[in-house]
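Two complexes are shown next, each including chain A; its partner changes from chain B in the first to chain C in the second.
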Partner chain A sequence: MFNAATIWQVVVNGASLSAIYVLVALGFTLLFGIMRVVNFAHGAFAMLGGYALYYFWGRFGVPYVIAVPLAAAFVALVALIAEGLVFRWFYQRMFESMIALLGLNLALVYSAVMIWDVSERSIPPAFSGLIEVGGLLLPKDRLMVICIAVVVLVSFWVFMTRTRQGLAMRATAQDLEIAETQGINTSVTYRIAFLIAIFMTALAGALYAQIYSLSPFMGDRPLMVAFVVVILGGMGSIPGAALGGVILGFTESFLATFYGASVSSFVSFGVVIALLIVRPWGLLGTPDGARA
Partner chain B sequence: MTLVMRIAGACLVVLAAALPFIDKDGFGVTVGTIIALNMIGATSLHLIIRTGHVSLAHAGFMGIGGYVATLTLMRLGWPFPLNLLAGAIAPACLSLLIGPLLLRLQGKYFVLVTFMLGEILRLAFLQWSSLTGGANGIFGVPAPGPMFSSQAGFYWLALGSSLLCIAIVARMLTGNMGRIIDSVRDSERLAQCAGIPVLQVKVAAFVLATGLVGIQGGLTAHYLQYIDPGAFTSVQSLSFVVMNVIGGMRSLFGPIIGATFMTILPELLRGYVEMQHVIFGLILIAVMAAMPGGVVDAVNRARQFLSRRTRGGNLDSNLPRVVARQ
Partner chain C sequence: MTIQRLCVTALVTALACFGAWPVLALEELKIGAIGPLSGGGTAWGLAINRGTQMAVDEVNAAGGLKVGDKTYKIQLVMVDDAYTATGGRTAADRLIKLEKIRFIIGPIGSPSVLGALSATDPSKTLVLSNGFAMNILKNESRAAYNFRTIDTTNEFAPAMIEWMHRKHPQVKKVGMLGTNDATGQAVLPMLTEIYKATGIDVWTDSFDRGSQEFVPLITRLMAQGVDLIDLNSNSPSDAGLIIKQARQAGYKGLIWQVGGPAVPEIMEIAGPLAEGFMSLEMFDFSSPIGEKFAEKYHAQWPGVINAQVPLWYNTTKILFEALRRAGSTDVEKVRDAVKATEGYDAGVIGPVVWGGQAKYGVNHQLLVPVWIAEVKGGKEIILEKITPEKR
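After this line comes the complex of A and B, so read on.
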């Protein structure tokens, strides 16, 4: 059971799952950390990303490397309408946002059912077969997922730490009023943060839909993942989301390979509940009271 | 509660009880039964919400009640009221065990944990197929005795249970106990300083509420003669929350109005199942954006506004107008 081939399979699957999970969770944690909005409609945006890729790559035949970011950017731009109509009312209103965005999730998912019906579709794979790296056989499509995610995550990191707009975003997350007195246009900052968050979510959804399957209800799983990862890492903490995504991705890949998918769900939920009770602010978060 | 409201309430109860005589074709009775059943879930969740916690595991607890009531009846052969009682005690016991842990959590963390707890319970119903029948569920749950096998008979049973549940919750929310619960929600630290055992109060409300919703689970299984995990998903939990939100979370009338509305609306939109969900979603967004206090709060505000108008307005409501004119 524990031979080298299986271990490699677990590692590569774990890495590609982690990549997707980190993307999903970063979007979620960004919306929470900056706007104080608990985005229960997160899965729906991931689902839309899947459909966008289905059209751009599967139907229109845009080259894959362009189709993936294009699909995500398209969803993010369309989502700006949702930002103006829905999200804007609920910034800094955590409880109301949960209920209202659950409503948005319901509306988006069932609109998708009306447009595309409930049947599962599949996005044609961009790459098939294996590639040999140093005597190891690795599946190409999984490697592609990892590459795309790494590129996006690195550019996100550069944006947050090396640009003025990223600095403004971090300032807004720390203290809204003081950021405003320093001349930061917070509504523009909010909109940029929203765009980035939905972009990453839609991207993750597109990659996820290509690996598994595409249906209006596929968003449930990414939503649960976002919850689990963000709670693991600490709500609103960006390094926490990265750490949590990696932990969850590898654990799930390991448990699902050796013990089955339902065991892995039970274990991950159980661990998170236990962690929440002992340390509700997560591994890298800060307790509510301690925030200065 | 004023005298007028009491009389109105009594009239409504009498009217509800007389429904099977008024409505001959039985459709109204069917809807009435579902409303009565949903009121159990909505009002019991209301009790938890009033302590300051929104639980998204309520349908999971309802499922435990449903399966325990079904299995004790069908496998162990327990008679009718006893199996329903078991269906109430089982979720209450579970929440007595985990409640003290969960209820230490604040606001959003509690919501997230209960959301996941609900998922775990649903997975358990789905995976433990030797007991629960897995995704296929259990068919042929018998009617609870000859007295309640007719449609009208079961309607009265559901209505009676629902009224009993509302009465229990109302008793908890009024008088000294009600003030204790309000203080726990509004200011936990202050309540603690006043010598209120905050955690015990919360756990008591949680245990009572999950026990009551277990009864809804058992009754629903009897009513549909069928039980499956699909009825106990997070969507159902959410729908209990929505009933409270739409009606209003600050008053017991809220979940009663909400449960009625949320049961009748799908019946009106029966031909358009997808559209119905979309409309639900939009209503939720609109309610949270415009009137987060729900229908009850909106009515109260409208009444205050009107009474100020009819009384010719007191000084402070006239003040802005006077100032503006100058």
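After this line comes the complex of A and C, so read on.
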């Protein structure tokens, strides 16, 4: 079983899994890093991203390259209502935010049940089929997710390190009061960070729903994945989310292929527990609280 | 108020009272239903809910259910069990303690059924359910208050696997991915035994319920050189995703499901990649009876119809018939009447046949015919009908 073809396939599977995990974790870690809220409604926004893509692409026939960002932007804009009603009151209040956003998650999920019922649906694939390179099989939709994950990561890194707004966000994340004394409008900064975080979450949810399936309860898994990845990489750390996603994706691919799913789950979560004991702030987090 | 208006008001009030009289006269009898309305088994939960509701609506529309000298209006109380053992137990507790219900349809899935039985058995509540684990019927209480109304792997698998061996003799090795819970642990050994007895080698692995990423496991499975994947009793969601991801991973062999069934839901999830998929099917919607049933269903609900809907309708009708025959809502009398429904025909599945004595020690297993179906040209077509042997 340990032949070259299988090992290469494991690498390819690991890359595609990592891309999905990184995308799913980015929005989650950004909200924590900047605003210090643990977004338990993360899965619900991912689910809404899935439904938005279902309509824009699957029903209204909007071209795919437009439908994906449009769906994410639509959810992010609608989510501004939730920002005004719920999120805003819990910025910098980590523990209270958990309960409040858990409530918001339930409200969104069961609203979705009432609107779309509980049936699972599929979003039509934009790319189907395989690319075969030297006996190595690459599903086109997974390849697309890898490309999108790379583009999103690079764009986000450029935004955070090369733009004034990105600098303002980093400053706000590091010290709110000092940032305000330097003339940064932190309310606006928070709103922009919120929009970007929900945009990325909805984008991840849309792709997740397309690869797997769409239902009001589809957000449970992305929420769990985001949690594990972010804890592994360091709460609030964007490079940490990328590293955590890659580690989890490759570990799962390797272990599940060669030793089975049970061993994979056992070892993956075992590693997270061990890490939390020796380095509670995660691989790239900081002991005093992670920062974006 | 003028005399004329007063007369009209009196007339309208009198008519309303007389019109409402038959409804007011009916006593209410609550029937419980348990099934997954969230998570991977949702399609099956909806089947329980809708199949039962159709039978309830029918009996209420006909003036209610006559039990002894009373006529009852039936009210259905459906509770979500999230397809889990704790969900099954909680749902049963709620129905028994809060709703004071003595008759329950469902749940489906061994963990939930076993969870529910831990509450229904001590409280002597009658349960007509469907879970594949042996100990649902073969237990210490000898299934005192529960019946299984849908065939399990024990009933349909031998004939299905024999069919596969006959039609596809090139199949030498089957791979099965099952859940690492009561369902998977009950079904995989049963199927393994039957495949091996037929001369087909078996490879199995398990995964956590709720998993959505199967590609690594499929890569592992493909490396074993299997030429058939059996999706066994996986939920529609899991089965659909395994098909989709197996085909995307380049698996070119046969895929079928000796269990389930949920062909339309699987087609919804796997899309065009479901082409060629074969499955157990619990009902033939292309038959005249099936078409009529589907028409009645679609008058209420749009979208795909799960093949278990008629089976739960049938189950509910059997319960109603037992209540009629018992002439009482006494649980023990109704239970004995359920046993005596042999030969009763609810009009969709055929006459009731109770079996299971040889396998479970009690004749509490309803034996219903099943079909083998295949997805061809984006449609589900029936290949063959199989009737389980009475043992």
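One rule holds for everything that comes next: the second predicted complex is superposed on the first by the 273 of 292 C-alpha atoms of A that agree within 3 Å, B and C clash if a C-alpha of one lies under 4 Å from a C-alpha of the other, contacts with A are read in each partner's own complex, and residues count from 1 in each chain.
The working rule: a contact is a pair of C-beta atoms (placed from the backbone, for glycine too) under 8 Å apart; a residue touches a chain by one contact, two chains touch by 3 or more.
Quick caveat: nothing in here was measured; it's all calculated off a predicted structure.
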{"item": "Superposed partners chain B and chain C on chain A - clash or fit", "value": "clash"}
{"item": "First, second, both or neither for A:Thr6, with chain B first and chain C second", "value": "second"}
{"item": "Contacts of A:Arg121 with chain B and chain C, given as first, second, both or neither", "value": "second"}
{"item": "Which of chain B and chain C A:Leu53 touches, first, second, both or neither", "value": "neither"}
{"item": "Partner chain in contact with A:Ala202 - chain B first, chain C second, else both or neither", "value": "neither"}
{"item": "A:Ser265 touches, of chain B and chain C: first, second, both or neither?", "value": "both"}
{"item": "Which superposed partner A:Gly103 touches (first chain B, second chain C, both, neither)", "value": "first"}
{"item": "Colliding region between chain C and chain B, picked from 2-10, 128-136 or 254-262 after the shared-chain fit", "value": "128-136"}
{"item": "On chain A, the residue positions that both chain B and chain C contact, one per complex", "value": "113, 262, 265"}
{"item": "Chain A to chain C touching residues, read off their complex", "value": "1, 6, 9-10, 13, 16-17, 20, 113, 118-122, 124-125, 128, 130, 132, 137, 139, 141-142, 212-213, 215-217, 220-221, 252-258, 260-262, 264-265"}
{"item": "List of chain B residues in touch with chain A within their complex", "value": "54, 101-102, 104-109, 111-113, 115-117, 119-120, 123, 127, 238, 241-242, 245, 274-275, 277-278, 280-285, 288-289, 292"}
{"item": "Interface residues, chain C side, partner chain A - complex", "value": "37-39, 42-43, 45-46, 180, 205-208, 210-213, 215-217, 219-220, 223-224, 236-237, 240-241, 248-250, 265, 268-273, 303"}
{"item": "Residues of chain A that touch chain B when the two form their complex", "value": "38, 86, 89-90, 94-100, 102-111, 113-114, 224, 227-228, 231, 235, 262, 265-266, 269-270, 272-273, 276-277, 280, 288"}
